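Some notes on the structure that comes next.
Each chain gets a letter, A, B, C, D, E and F, in the order it is written, and its residues are counted from 1.
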Amino acid sequence: MNTQANWGIHTLVKELRDIRVQSLETRERLNKPPKLPSRKKLTQILEGLSGALFPNRLGRPDLRDEVIDYFVGNTLDTALRDLHEQIHRELHFMAEQKNVVQLTEYDAKTIVRKFAAQLPRIRKLLDTDIQAAYQGDPAARTPDETLVCYPGINAMIHQRIAHVLYQLGVPLTARMITELAHSSTGIDIHPGAEIGESFFIDHGTGVVIGETTVIGNRVRLYQAVTLGAKRFEQADDGSLVKGNARHPIVEDDVVIYAGATILGRITIGRGSVIGGNVWLTHSVPPESNITQALLRSELIP
Amino acid sequence: MNTQANWGIHTLVKELRDIRVQSLETRERLNKPPKLPSRKKLTQILEGLSGALFPNRLGRPDLRDEVIDYFVGNTLDTALRDLHEQIHRELHFMAEQKNVVQLTEYDAKTIVRKFAAQLPRIRKLLDTDIQAAYQGDPAARTPDETLVCYPGINAMIHQRIAHVLYQLGVPLTARMITELAHSSTGIDIHPGAEIGESFFIDHGTGVVIGETTVIGNRVRLYQAVTLGAKRFEQADDGSLVKGNARHPIVEDDVVIYAGATILGRITIGRGSVIGGNVWLTHSVPPESNITQALLRSELIP
Amino acid sequence: MNTQANWGIHTLVKELRDIRVQSLETRERLNKPPKLPSRKKLTQILEGLSGALFPNRLGRPDLRDEVIDYFVGNTLDTALRDLHEQIHRELHFMAEQKNVVQLTEYDAKTIVRKFAAQLPRIRKLLDTDIQAAYQGDPAARTPDETLVCYPGINAMIHQRIAHVLYQLGVPLTARMITELAHSSTGIDIHPGAEIGESFFIDHGTGVVIGETTVIGNRVRLYQAVTLGAKRFEQADDGSLVKGNARHPIVEDDVVIYAGATILGRITIGRGSVIGGNVWLTHSVPPESNITQALLRSELIP
Amino acid sequence: MNTQANWGIHTLVKELRDIRVQSLETRERLNKPPKLPSRKKLTQILEGLSGALFPNRLGRPDLRDEVIDYFVGNTLDTALRDLHEQIHRELHFMAEQKNVVQLTEYDAKTIVRKFAAQLPRIRKLLDTDIQAAYQGDPAARTPDETLVCYPGINAMIHQRIAHVLYQLGVPLTARMITELAHSSTGIDIHPGAEIGESFFIDHGTGVVIGETTVIGNRVRLYQAVTLGAKRFEQADDGSLVKGNARHPIVEDDVVIYAGATILGRITIGRGSVIGGNVWLTHSVPPESNITQALLRSELIP
Amino acid sequence: MNTQANWGIHTLVKELRDIRVQSLETRERLNKPPKLPSRKKLTQILEGLSGALFPNRLGRPDLRDEVIDYFVGNTLDTALRDLHEQIHRELHFMAEQKNVVQLTEYDAKTIVRKFAAQLPRIRKLLDTDIQAAYQGDPAARTPDETLVCYPGINAMIHQRIAHVLYQLGVPLTARMITELAHSSTGIDIHPGAEIGESFFIDHGTGVVIGETTVIGNRVRLYQAVTLGAKRFEQADDGSLVKGNARHPIVEDDVVIYAGATILGRITIGRGSVIGGNVWLTHSVPPESNITQALLRSELIP
Amino acid sequence: MNTQANWGIHTLVKELRDIRVQSLETRERLNKPPKLPSRKKLTQILEGLSGALFPNRLGRPDLRDEVIDYFVGNTLDTALRDLHEQIHRELHFMAEQKNVVQLTEYDAKTIVRKFAAQLPRIRKLLDTDIQAAYQGDPAARTPDETLVCYPGINAMIHQRIAHVLYQLGVPLTARMITELAHSSTGIDIHPGAEIGESFFIDHGTGVVIGETTVIGNRVRLYQAVTLGAKRFEQADDGSLVKGNARHPIVEDDVVIYAGATILGRITIGRGSVIGGNVWLTHSVPPESNITQALLRSELIP
């Protein structure tokens, strides 16, 4: 096959350069290219942290007790060093965005150190999630299998790690981590969401949980549930107000069935059951049992 | 960049060990690490089996008739040997869970041999699915293209393979295989589901089909359809009753439009059409045409 | 582990051959194996094109102004040469399907050249999408981060590239490209859809946009929105009529909330707001505000 | 680390272009880049051919009798197709060098077909080499181990394959193949050399065997032996005369010890033994036993 | 490029099968394929062991004191487990060769455990070699650089590891390891050779050191030195007698310059200096200074 | 296979730590791990530089004139950035060795910039080497093929690049680069050697050229030639004197045949021919023709 064709590369390169120069991208930063965290590197980091948290099941199979700590220590070190570089990139990028004086190396290190100290707590929380998945799904035969094949567990490993990073001040890295889970599970949980222990999402595709959502203990969700904002507040200049509480509070022991849409800063009282496809924009008291008004189905002869 | 920071690895390693020792993970199995099937290896196995089933389109391009059988035989051998090891892991893992006497090597081999014997039947079923996709989608130009780009076909390759494994007694391996498809297509079909020929899922994101679902021939589904359980039966001790028939029976020639939710051990009679977003928890007779009660939309001035 | 078992490979190979010979696959093409475009190669091509369009953020980090054009030119060349081969495969495959005289090399080259010339326009459109994402989501801190972690932006990079290819006469390559995005984002936009500038999809899982959809400028969509066909027209012989306009027209400045289903060749007038979960099969005038009839939720004590 | 430095890329690119334009490289071939065979691809091809010739020991371990032919057939097909492309490149390149009319595709195919037909003969010759290595080295415990770890065997696999290609008219591809062995073994045998059966080179580093060398059966060589040209004939214009017989003929059953240098078109008679470090530029009759004149070593107190 | 040619694969596969069946390869082992140690795997194992022995310089750069033991422990575990499998293969292969009853798993484990216990001693010996290289070469600036770029050090890492394995009864694995070094350095030291501390080989290409060689402390060698056998003893039946002492003994503090050839079970007395290109087949007393008889060079006008 | 054995890792890790602490390695640098240049990275850098110098033949095949500069610029940038990091490592490492104040980033950048400016000159010199190889070997058909398969050319690409780096003050990086060539060609040229244009080494295995060697124009060498030091000068304290001129000067148009050993700071006069295996330790005037005293070979009947 003769592939000697000319594609007009010179013109293309020039046109693309002109666009870059005009666009927001380069307005203030010729020769100061933004160096964003790397999606690929974060994928590796999450694999490393998952392996360190659950060495035998997500790390290396067949680790004997003799060597498990060496594996954990070594895997943690690699993952934390790589995470440090990604966090450094975010801090540097944000500082440039804000024309802030360059952050010191100290900040990235402090964040990694504080993050690392939370890993045991993250592991404990994930153990409760695993147990909840095992107990909540009649198809699960052992807790172990939920760890290797339930998308809900995979999503929570990402979110619980990302949530700590979000709280420590690196929201972009955190968001990129939850997007990794979104991409592979279809479950979209914002890293800002606060989620209690023993949380279980079954099937999961299409679940959306917003930034300021608060979820209690022992909550169970099914696929396509939305915990979203009702509407966005606008400032006087028409721009969106960012950061205010705008997503639901879900108290302990609530179950929300597939396709339910719950919007706004409302409270779902403890122990409530929200039926499938329900559309809910107001608070409900504890122990409520909300179902969709039955739709009459018409038989057409 | 100076990366000489200390992350407190010693403390972390110790804390994570303490958690492992206390948790369910290691309670009874210090030095008996569970060796679960490997997601990565199963991905390769499915690529191999897909290539052997459809050598030119999913295997190696440009295979001449002279060599196609060599490719198929060699690819099958690799895939079946690798599958044998994964099945061996599951049987071994399950035996330890149940404190059963160690299974013999014989079992894993028998399962692989029985599975292999089903591959021609799987191929024939998939041919009917491909034909159904081609006929059911006005955008499809050739049957071949449905094989290389329709997520519904991809999901069915995984499910039909996993279903045979599920029936042969390796449900974890089977589940991990359907979860591979779930992750890349958003279509979540349990390996236990029994599905007839000429099955077509269009778009597919958000489809959930439960473990005991039974689907006839020539059924068509759109995105976000749920064939689920209405509620889980509980035993006297409050634990979930596992394994009983709890998902719908969908008879031949049924069409179910996007977003329909069909729950419980009900029967959708042959030839029925279920409209988009319908919520259905009772059986309907053959040739039913169910649509959602029309929702009045209010115009707000 | 003794893996010397026999799997019955000879029989399997023979049976699979018999099926291939009987099936549609080989009926007319023994020794003329179809060589379809490669999903793996298209993934690389899209990475290359993304990197050339957004060199610093999706290409190589830390590109100085001195070398950025070298990177862009070199990356474009590789991507376009590889694309040329994929397009050649599709044209060749389609020619064989139709028993058409073999297409000349000239066609594939012309298509690549015309496609390349559209890249600057694609970049400009994507810049408007990025700006729309930044302005439309209160959680976004900078436009840059929408480019590296918003699935809606990722989906639009794929669709805008695929759309140009679709118009140039290689619909299979185009479809395979949008399916790459579908698989990683859960957003399924047909390459045929015509989409204006400043288009933003938030969360996105479950969005389906059909082949003949027309979308204006500054439109915003949330997860699980369907812009689909109401029903497929059938020809007298029962086969589906392909290619006619059957999906909605969405005018400028429309917002469509999560889960809304809009079917058929209807028009959503400029500036309208379609509420969550709305089911809509008729046109609505400009500035309409459609919400679901409020479903009464019954409290069960 | 700040890596924003400018390296002066623009100037460099320009200077390198100027040199290319002036140099022999591009004199007549702007836009006709020479496409030479690829060293990396040839490495893979040799791995494939080695695996097909010795499937269990150099191919895939643990191939059962049931599948070995599938492996061989499939591996051969891949290797021969890749080889075909490399040969095509050489023929094309040489045609351009000579301003010859473009060669037809037919030539490359014919060469590959003729080459393939020689593979069984190559295998038989290599079996005699393996047996010779086993019998000739007291350290060898089994014939199999000479195949996996003796550099002399590795070199002969390459040379015997390359020799057939050399005879079929693709000397560059042939030379690149023997250079692969030269690089990994330090044994430099020209593909033109004609070598009989049961040939054994022990240790091998530094062995050089020239283009027109002829070696009989059951010959044994040690490291650093040179079978070279004495001097190069010059044509009247001072250029070297290419292709005439200028290297030794070594008859059957000769042994040549380490470091011996044998130069020119001389004949080493059948059954001769040439001692270590001997320098030999004249023929010797059969059964000769040549040793270096003993060098008196002087003891210095 | 049309690559649809037929290569005659069927005939080839059949012919190669016939040869295999007739040849020594399969005579007694249809369906009992020999599973030899893997060169590729041994390469990885040597990288692992080198990294564990010299963690910062051959392992991972920038290991802080906090994590170095985790790296060493984890790397050792991986390398030793992989080595265990290779050793198991050799024992199994050898048992089949000798029609010996299958060896138990116990043997391979014992060998690995005994090997592991020698690693600290190997490290200490290598430290003396590194120091010798630094002191012996005027071009060396630091001991560290000899470790990362001197082929002599690389060869000794391989040989000292292989020697322990050779002594523990796995000579094939040992030989394959020294051949790895032979291939990359041109230095061919048999794993059987016994070598004292502070051993230094400069340049090294072409060095050959035989199986029963014994080398004292502080010996220095240059390129192309051979410590070989004079001739092989033959048994009455003409086969080679294997295993008897047939290579030189080199006592402490000897220096041997480039190209010297020393053959047979002779002794080079302590402190001797052997000049370049010397050919030596008899013992020399301590403190000897052997030089080549000066060759008169003739000037040709 | 049960691989649950314990290898005694804890003891091993501890013993290896004790050795490290005692040894020279860590005496002064706990927590200051030396970060040496990386062999693997330098391999990539050399591939990049080779590709930039000879884009079509060692870079990417089939580069059209339209894109060749983009390839060169982009490849150079990557290679130079990576080289910058390796140089930075060496400078940092050396500074620590000497307890020198930390070098500034400026130094590494200056070195890279000066090195880059030499690349056109390196390319021109290599063009003369290629031409010399083509003219010097009767087996060479085109200059191009010497570039892709002659080890002598490969060695000179490495040495000419390394020599510039050696002169710029990074001798360790330079040495590691020539060792890459040594490993793959068996040709060991010190980066310090000064070599004129049109230099050709045929076969090459075993060639050694020392640090202070000076070689004129149009010199030709064969395999196993040594240009070495006669003896090392010792300082009063017995340590070796480093850096003084101790290797031969070879004037223009000299030919040195295989196995010749030339030692000490002697001069081989212009136009001389040194015969094979000659041992030479004194200067010879121009146009000398040195051959080995003919060794009488004794025929043993």
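The rule we apply is simple: a residue touches a chain if its C-beta (ideal position, glycine included) is under 8 Å from a C-beta of that chain, and two chains touch if they have at least 3 such contacts.
Keep in mind that this is a model prediction, so the values were computed, not measured.
S.K.: From the C-alpha centres, identify the chain that is farthest from chain B.
M.R.: Looking at centroid distances, F is the chain farthest away.
S.K.: Chain D and chain B are one sequence twice: same or different residues at the contact, by the over-half rule?
M.R.: On the two sides of the chain D and chain B interface, the residue numbers are mostly the same, over half being shared.
S.K.: Centroid of chain E to centroid of chain F, CA atoms only: how many Å?
M.R.: 24
S.K.: Could you give the separation in Å between the centres of chain C and chain E, each centre being the mean of its C-alpha atoms?
M.R.: Going by mean C-alpha positions, chain C sits 57 Å from chain E.
S.K.: Going through chain C residue by residue, note those that touch at least 2 other chains and give them in order.
M.R.: Those would be 1, 3-4, 7, 9-10, 13, 31, 62, 64, 66-67, 69-70, 72-73, 76-77, 186, 205-206, 224, 259, 277, 292.
S.K.: Within their complex, state which residues of chain E touch chain D.
M.R.: Interface residues on chain E, with respect to chain D: 1-3, 5, 7-10, 12-13, 15-20, 23-25, 30-31, 33-39, 89, 93-94, 97, 171-172, 175-176, 179, 182-183, 186, 188, 190, 192, 205-206, 208, 211, 224, 226, 228, 232, 239-243, 246, 259, 261, 263, 277-280, 284, 288-293.
S.K.: How about chain C: which of its residues touch chain F in the complex?
M.R.: Interface residues on the chain C side: 1, 66-67, 69-77.
S.K.: Looking at the complex, which residues from chain A come into contact with chain F?
M.R.: Against chain F, the touching part of chain A is residues 3-4, 6-7, 9-10, 13, 62, 64, 66-67, 70.
S.K.: Give every residue of chain C touching chain A within the complex, in rising order.
M.R.: 52-57, 61-65, 68-69, 72-73, 76-77, 80-81, 84-85, 88, 105, 109, 112-113, 116-117, 119-120, 123-124, 127, 131, 135-139, 141-145, 148-151, 184-186, 203, 205-206, 223-224, 258-259, 276-277, 292, 295-301
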